[in-house]
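Below: a set of structures, written as structure tokens.
In the two assemblies presented below, subunit A is common to both, partnered first by subunit B and then by subunit C.
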Partner chain A sequence: MYEIPVLTITLIVPLLGAMIIMCLPAGQHKGIKWTAAFATLISLLLSIFIFLTYDRALGGMQFVETIPWIRDLGVNYALGVDGISIPLLLLTNLIGFSSIYASWNLRERVREFFALLLILIAGVMGTFITTDLFIFFLFYEVVVIPIYLMVIMFGSTKRVSKEYAGMKLTIYLLIGSAFLLTALIALFVQARAISGIASMDMAFLATLNYGVEFQILVYAFMAFGFGTLLSMFPFHAWSPDGYAGAPTAVSMIHAGVLKKIGGYGLIRIALTILPAGAAVVAPIIAVLALGNIIYAAYICLSQKDLKYIVGYSSVSHMGYVLVGIAALNLISINGAVIMMFAHGVMAALFFAMIGNLYEKSHTRNIEDFGGLAHQMPKLTAGFMIAGLASLGLPGMVNFIGEFTIFVGAFGTYRVITILAISGIVFTALYVLRALGRMLFGPRNEKWDHLQDLKGVEMVPLLVLGLAIFIGGFLPFTLMDLINNGVGEMLAQIGPLQIGGWW
Partner chain B sequence: MYEFILPNAWLIAFLPFLAAALIFLFVHRWPGISAGLSIFAIMAAFILSLPVALAVFGEEGGAVFEFSTRWLSMPGLNVDMGLLLDPLTAVMLIVVTFIASMVQIYSLGYMKGDPGFSSYFAYQSLFAASMLGLVVANNFGQMFVFWELVGICSYFLIGFWFGRDSAKNAAIKAFVTNRVGDFGFLLGILFLQIIFGTLNFAGLSQEIAGYTNMAILIPVSILLFFGPMGKSAQFPLHVWLPDAMEGPTPVSALIHAATMVAAGVYLVARAFFIFASVPQAMTFIAAIGGITAIFAASIAITQNDIKRILAYSTLSQLGYMMMAMGVGAMTAGMFHLMTHAFFKSLLFLGAGSVIVAMHEEQDIWKMGNLYKKMPVTTWTFIIGALALCGIPPLSGFWSKDEILLAAYASGNMGLYILGAFVAFLTAFYMFRLIFVAFFGSNSYGEKKAHENSAVMTVPLIILAIAAVFAGFVNSPLMHHAFGHFINSPAGIQPEPSTAIMISSTLIALAGIILAWLIYQKKIISHEVLREKYSGIYQLLKNKYYVDEIYARLGDVLVFGAARAMFWFDIHVVNGMVNGIAFLTGKSGDSLKYTEDGQVQSYAMYMMAGVLILVVLALIAVESALL
Partner chain C sequence: MDFSILAAEILLALLGLAVLVLGLALPGKAQKYVNGLALVGMVLILLYLILNFSREASLFNGVYQIDVYGNYFKLLFLMAGLLVMLMAAQYISRFKEKSSEFYALMIFATLGMMLMVAAGEFITLYVGLELMTISFYILTAYLKSDKLSGEAGLKYLILGATSSAILLFGISLLYASLGSTNFIEIGASFSSSAAVIAGVVMIIAGFAFKISVVPFHMWTPDIYQGAPIPITTYLSVASKAAGFAALLRVFMLAVDPNAVFNWGLLLAVLAAITIVVGNLIALSQRDIKRLLAYSSIAQAGYILVGATAANSYGLKGVLFYAMIYVFANVGAFAVATAVEVDTGRTDIEAFAGLSKRSPLMAAIMTICMLSLAGIPPMAGFAGKFYLFAGAIEAGYLWLALLGLVMSMVSVYYYLGVSKAMYIGENTDQAPLSLGWGSTAALWVCLLATVILGVYPGPLSELAGYAIKIFI
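Up next is the complex of A and B:
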């Protein structure tokens, strides 16, 4: 029986799109944009198809494809998805699709921009659907290049220059990946020493028994590498500056999904392969996560630039994901996964709205605005949906993430979770203050010329808004799937001893 | 018929939700259709509530029906969306849908011509849906979901006139203050989930009955009570409610007087099995309720804004209800919740009618003699005020009497005296308002005002009828039918006392007479009083300076700290990174001079390297030998 390689098609369509775009004449803006839109639409539809047809009763890795690649290292081009990766695959394509429309008004170097954007989308997608460690790392490195180029070519300079932002973003990613590479090599060598088999297959690596010291060391390296990517305190400094410098689409993809590679890696790779290491290092992650949640939320209160607010806010929200991962139980990790999805759509929507406003007004300082709801009711709705999702309002998928994480984490850590929950107060305060300053209050005639969202500009709002509401009102659509994946993973690694009054 | 209606009672909440969604998405452009849809949905919800109530009250002691559907579930955590239909729910369903219907009809007149007319009705419907979802909840998870949703509806409706900075700030203040309470509430819920493994009310009730670890139950029940403190605006989280008067007046009537703010009291009643098993928590609740009652009533006597007087009155009455809960009189608390919902929404709608007639004037000193021009508003307002003051046989008399009776029977004389004094203050500030605004020597009102159209006055008349008669359901005349259904095994039901009835009536009359002497007859000059007790007057006028204290604390603890942390992030955390980058660059710069192309120097570096390695090897060998 010959099966259609759905995952490969999903992955390759954006790359094909990029190639077609590079072949089009540079001035052919319409054609370039529609090609990009069409390519991402196919990927989005395919990932929805995967989401809907994944056999939940069967579980495990499905849509599997394996082609041997580097035999000496045991590297295979191996793809497959389960309950943990499907939400992130879906997220990537929801945001990828929306990011095209958020960049619709671009006028300069259109061809390069959309080609790089499509490569970026494919790269991120690749990390989530491969089951081979080597391929994972390869895709992870692939995303760095378009990010750097796009920031320095298309970014904006405000508090810091776009060159600085691009460099900072890239260097942090590279430092993280250096640690990661070291950990991967150590893992590969150790696994071969134990089993005599050279393999980069994640599932295989997870079946071996490594020594506890080894696990702790390698997990710590991974935690640093992935943690940096997830903007774990105090390695978060790249995040606000990077987003501020980056063009809208890059901010959307970076904050929306690229960051989540860190969380995904911590669960899929670090925890699954090195559970004993996780049990020892996790409490440290939980404590650092408080730095994210509270410290970054406080900083949001002092920010004036919208992108800095959302940048620090994204650092703060990643703290919840980290707490969920560090609590090492089914409920908390379920929560962490759905929180990654939730934060992704929310952050992407936020950045799409900011980008749209910035394009028209050339400022992102909230104090320049006021009363925008008079001129731009649709944009206001977009900001409010993102903002309310951000503060964890029920009815939005973010609430499901936060609530589940809190319940799960509370089973492992008491004091840490209580402190983490206090974040909901600060988040409400900075979100509502910033949005209130910008959107409400007396009409400001200065902005009467601004046009509200119209036509394709509505796409990000509709697509991402819909995802936020569906996940919020019908959480079982996502949660059952996630629970499936996380449950299987935890059953495989067995019980973990962790916890205490703290 | 019941077989169909009861399992489908979720429609009661869903119809308004559907109306909200349809308005937002499709019919926004047509104000008439939007309003029609919204009113149709809430009236349908009211009609559907009737058979539910009949089914529940049809059985001796009240029937209980429960339905659940899976919502968020995984091993170890289950949050269902459920329907718990029992007497408590039935009362709330009727009260909420009835008052919401009245308020929405009234809003047709009040909001006429407003550019946000359609959105207003969409938010009204969304609020009704959330409030009804809260009322039918059968577990704490669902309760929390709708708890927050009514909060956000309140945010939108307070800030409805978003062009005003004051409305915007009031909305933020309301939501954030509630979040502080919800922080504790959520913690309490998490504790329940972790300890008992369920959030279902019936399940928890069984678990708690056999649970005796007070060291856990005391903090848990007090944490849970943080939620009601926020939502029902109890001291010290009361600060948001007076500011919430920035919203349109019908909103104040429905949300910030009759229903949403009462949700806290409802929650305490719903989870009474937890609170009643913890005496310390009950004392805490009674104390907070009592403090709020007297605190707010004392502020109300110095306010000049008609809506703010009513807002402080609401605070005070909510405190009353909480106090009743705290002394164990769950029936009395819920009874007062119901009667208060009728007469206070009446009073607010009356105030709204005055405000429309006075072209947005809210200062009672700029009104006067309104009775000549606005007879319906005046007389219904007086009925509402008399009910609030507890003049027999109006509804407030019966419920307030039960609270005072319960306070007395609980043996806590302090609370009884406090309650009686609050009753005196209540009568005084209400009739101060009435004599100054509706009668009195000023004639601004007489010159400007006119009676409003039927769409506004008919709801006033209907609510006035309810305010008169609603109290009979738990009066001795009807054999305390209400208490027959709404009660708790843990609660108290003291015997009626004629002495307390008479004394509380006299106290209320005393308050009315004093107001009459000062503000109508002017036998005692209020200017002189104000001069003589200017210290107290200033303290009350400035609401005990609580807002100022919070603002100062917030500036230092929140915004000051925020700036400090940003400085730290830029200079220390970021500085560290830039420092490392700088060092890397510098060291690269200096190291590049080692690549000078001279074979001799390379040989020398090699020698040095070998030497270092030899030394290291020797050290290693030495230490291995030791």
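Up next is the complex of A and C:
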């Protein structure tokens, strides 16, 4: 039967948009922005379509497409989605779509900006929907360079210069990816030695039996590569600086989805293919995750720049995801996946609001503000939704994520989970302190000229806010799907044993 | 005998002679027709070679081999030569002197390379090597009024002659011990006596000089900086590829891998040092020619990784990488040439604001540099994948990790140029003009780098076909 390649279309529309934008005259700002908005809208609608029509009863990889690509390496252009990748695909497009509107007021070098942004969105999307290791890595690295160019061209210089921030972010991620690529090649070579078949298919690679020592080594390499991307302590230093230097849309995509490639890779690739390695290395990851949760939250308490607060807070939240992944059971990994989704929409909303405020006030220092709720009620609502989601208020999707992770992880790591839960207190402290200082209190006349959100500026707030509440009140919409995907994966790799007092 | 088997070489020699004689005989105004003849001639020979690509023959008792492996590299040289000639047109036209000598010498250098890769024994290889190198000595010193160029020519002559002597000494040691200069005969009677080991080490040293492997790289930056940019380009892509092609043939056929001495480890260590030194020194370069010189040292290190592995992926990687390196490097140098022609400068600040003056050139420079750094979806990534997959398969995991980490470090200096182009401010806002030759060369490089990166299948299959003679 002839089928419409839905995933390919979802993937290619932003790229086509980028091409059209490059052909438009540089001064044609309206046309460029609407092209970008239209392209991301199509991708968003298609990913909602995939989300809704994915056959949950059937499970497994669906919407599969396979085209042979490089024969001697066994590379296929292979796409497919399951319960783990669909939430992240949806997340990418929610944020991608919103990020276009968050950049609506851009006036300089508009053409370059939107073309690079669309390439970036397509690249991130590609990593979540491919089932081929080679193609995964290809997409993963494709995104690094547009980000660098966007940071140095459109970023802002505050505490560190944007050139520094951009380069720091790029080099950190690339060094991580060097380890990752070494691991992938080693895996490929080993699989070929065992089975005699050259293949980059993730599902195939997961069926083979590798030696335990090999698994530990390769898993450790991957944990370093993906961990750097996920800003795992102590390789997180690029993240706050990078977000502070980056333009709004890049911060949104980077904090919102790009980081999640790290978590996704740890689950989909590292854990699925190398379960024995995972069982050995996971406790180390869990301990490092505590560094994320507590150390980064502590730093947040002393930050004054809004972007640094959200930057460090995202480092801290990634700690929960890491704990969930490291606990290696169905509930905790479910929690990790939903937490990635939750943190994505929350961080993107936060950055969109910060970007909007900064554009108008030219400052991000919380001490410069006060009583903003008087002048900007809608912006305040956006900040509050993001802030309360961030501290895990029930009713928001983030609560579902954190709760599930803790429930799942407690069985595996008692001490670590108890310490991790204490991180919530810090989160509440810094979020409430920052928001209270900025938004409430007596009216500050200095900011009377600021205009509240209006017109298309509302799009990120509506789209992302809605996602937070739907996920929070109707968690089963996501949870069933994720549970399906993770359950199948764990059934395939069999039981895992983690011992010790952790 | 059937001379049509050697037609490509014979025609190229005739073309070189014709260009040389006509250039001297015709008045200055007719020069451009002579240059056009050189270009058209190269295109026709290239087409002839493509049509006869899979032809195989062994001439003069194995002295000269026509095979797919050789043809692959001949294709590479002709293509590189053609691209360099295209991009050189604008650069050369600035000189009042007769420019046809330039083209004639380039053709002779190409001929030398073609002899080198097809040689089945050491003396023929040496003759080809010398034909190539002597042409390059002259070309390097081609800017008669430029002190740097003259200095570079002299340096290259002295160091090149020394390295040739070492190579020749190595060859004579092998001949004295094993009684033959033919690769296959040497391979059949290979032993691990002291003289043979010394001979092979000297041969490695001789080749290492040509492909600028550390610690035999000292000449590279000075000569790349002093030589006219098109010649620097040609040196970096074609002369290096010729060195690798010949080295592989010698190693795969003549040197017995099961001998007592661990040749693989020796090459692996050389490759590691080359990658580290080339990349680290490149980090601090402020001149585009020196930067690309150190980058080309590092690139030689990556290619050597594939030669070290000496298995199917590794060898395929060498051939694949050598080919895509042509496009990436010629692209980068072509932009550098255009900037030098316009500003007269070669420091990185001269690139400031290029993204506004010529968005196409800035984009091509960035893409070519990223390909050199091995960032997907550029062709360099696929190339590195093959090279390092070969290395890991051969058991050199550490070498692969080192190479990949260093290639990520190299992004720092490659992106430094992009940074200047995209956010540097320049008082001169006038659009940068390009001749049709450079434009054509740039587009070929751009398309090849991107298409071969996204869809490397066909080229890798061709490379796999070419290494059949070894495996």
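Quick notes on this one:
Keep this in mind: the second predicted complex is superposed on the first by the 499 of 502 C-alpha atoms of A that agree within 3 Å, B and C clash if a C-alpha of one lies under 4 Å from a C-alpha of the other, contacts with A are read in each partner's own complex, and residues count from 1 in each chain.
In this text, a contact is a pair of C-beta atoms (placed from the backbone, for glycine too) under 8 Å apart; a residue touches a chain by one contact, two chains touch by 3 or more.
What you see is a predicted model; the values in this text were computed from it and never measured.
With both structures placed on the common chain, the touch criterion links A:Leu73 to subunit C but leaves subunit B unconnected.
After overlaying the two complexes on the shared chain, residue contacts for A:Ile171 are found with subunit B and with subunit C alike.
In the superposition on chain A, contact is made by A:Gln303 with subunit B only, not with subunit C. Once the two complexes are laid over each other on the shared chain, residue contacts for A:Tyr148 go to subunit C alone; subunit B is not touched. By the touch criterion defined above, A:Val189 reaches subunit C but does not reach subunit B. After overlaying the two complexes on the shared chain, residue contacts for A:Leu138 are found with subunit C alone; subunit B is out of touch. Of the two partner chains placed by superposition, only subunit B is touched by A:Leu429; subunit C is not.
In the superposed pair of complexes, A:Leu205 makes contact with neither subunit B nor subunit C. Of the two partner chains, neither subunit B nor subunit C is touched by A:Ile269.
Applying the stated touch rule to the two superposed structures, the overlap between the subunit B and subunit C interfaces on subunit A comprises residues 171.
Note for the complex: subunit A touches subunit B at residues 168, 171, 234, 236-237, 241, 295, 298-303, 330-331, 334, 371, 373-374, 388, 393-395, 399-400, 403-404, 406-408, 410-411, 417-418, 421-422, 424-426, 428-429, 432-433, 436, 439-443, 475-476, 479, 483, 487. Residue ranges of subunit C in contact with subunit A, taken from their complex: 316, 366, 370, 375-377, 381-382, 385-386, 388-389, 392-393, 397, 400-401, 404-405, 407-409, 411-412, 415, 418-419, 422-423, 455-457, 460-461, 464. Touching subunit C in their complex are the following residues of subunit A: 69-73, 134, 137-138, 141-142, 144-145, 148-149, 152-153, 163, 167, 170-171, 174-175, 177-179, 181-182, 185-186, 188-189, 192-193. The residues of subunit B lying in touch with subunit A in their complex are 70-77, 79, 141, 144-146, 148-149, 152, 155, 159, 162-165, 167-169, 171-172, 175-176, 179-180, 182-183, 186-187, 190-191, 193-194, 558-559, 561-563, 565-566, 569, 573-574, 576-577, 581.
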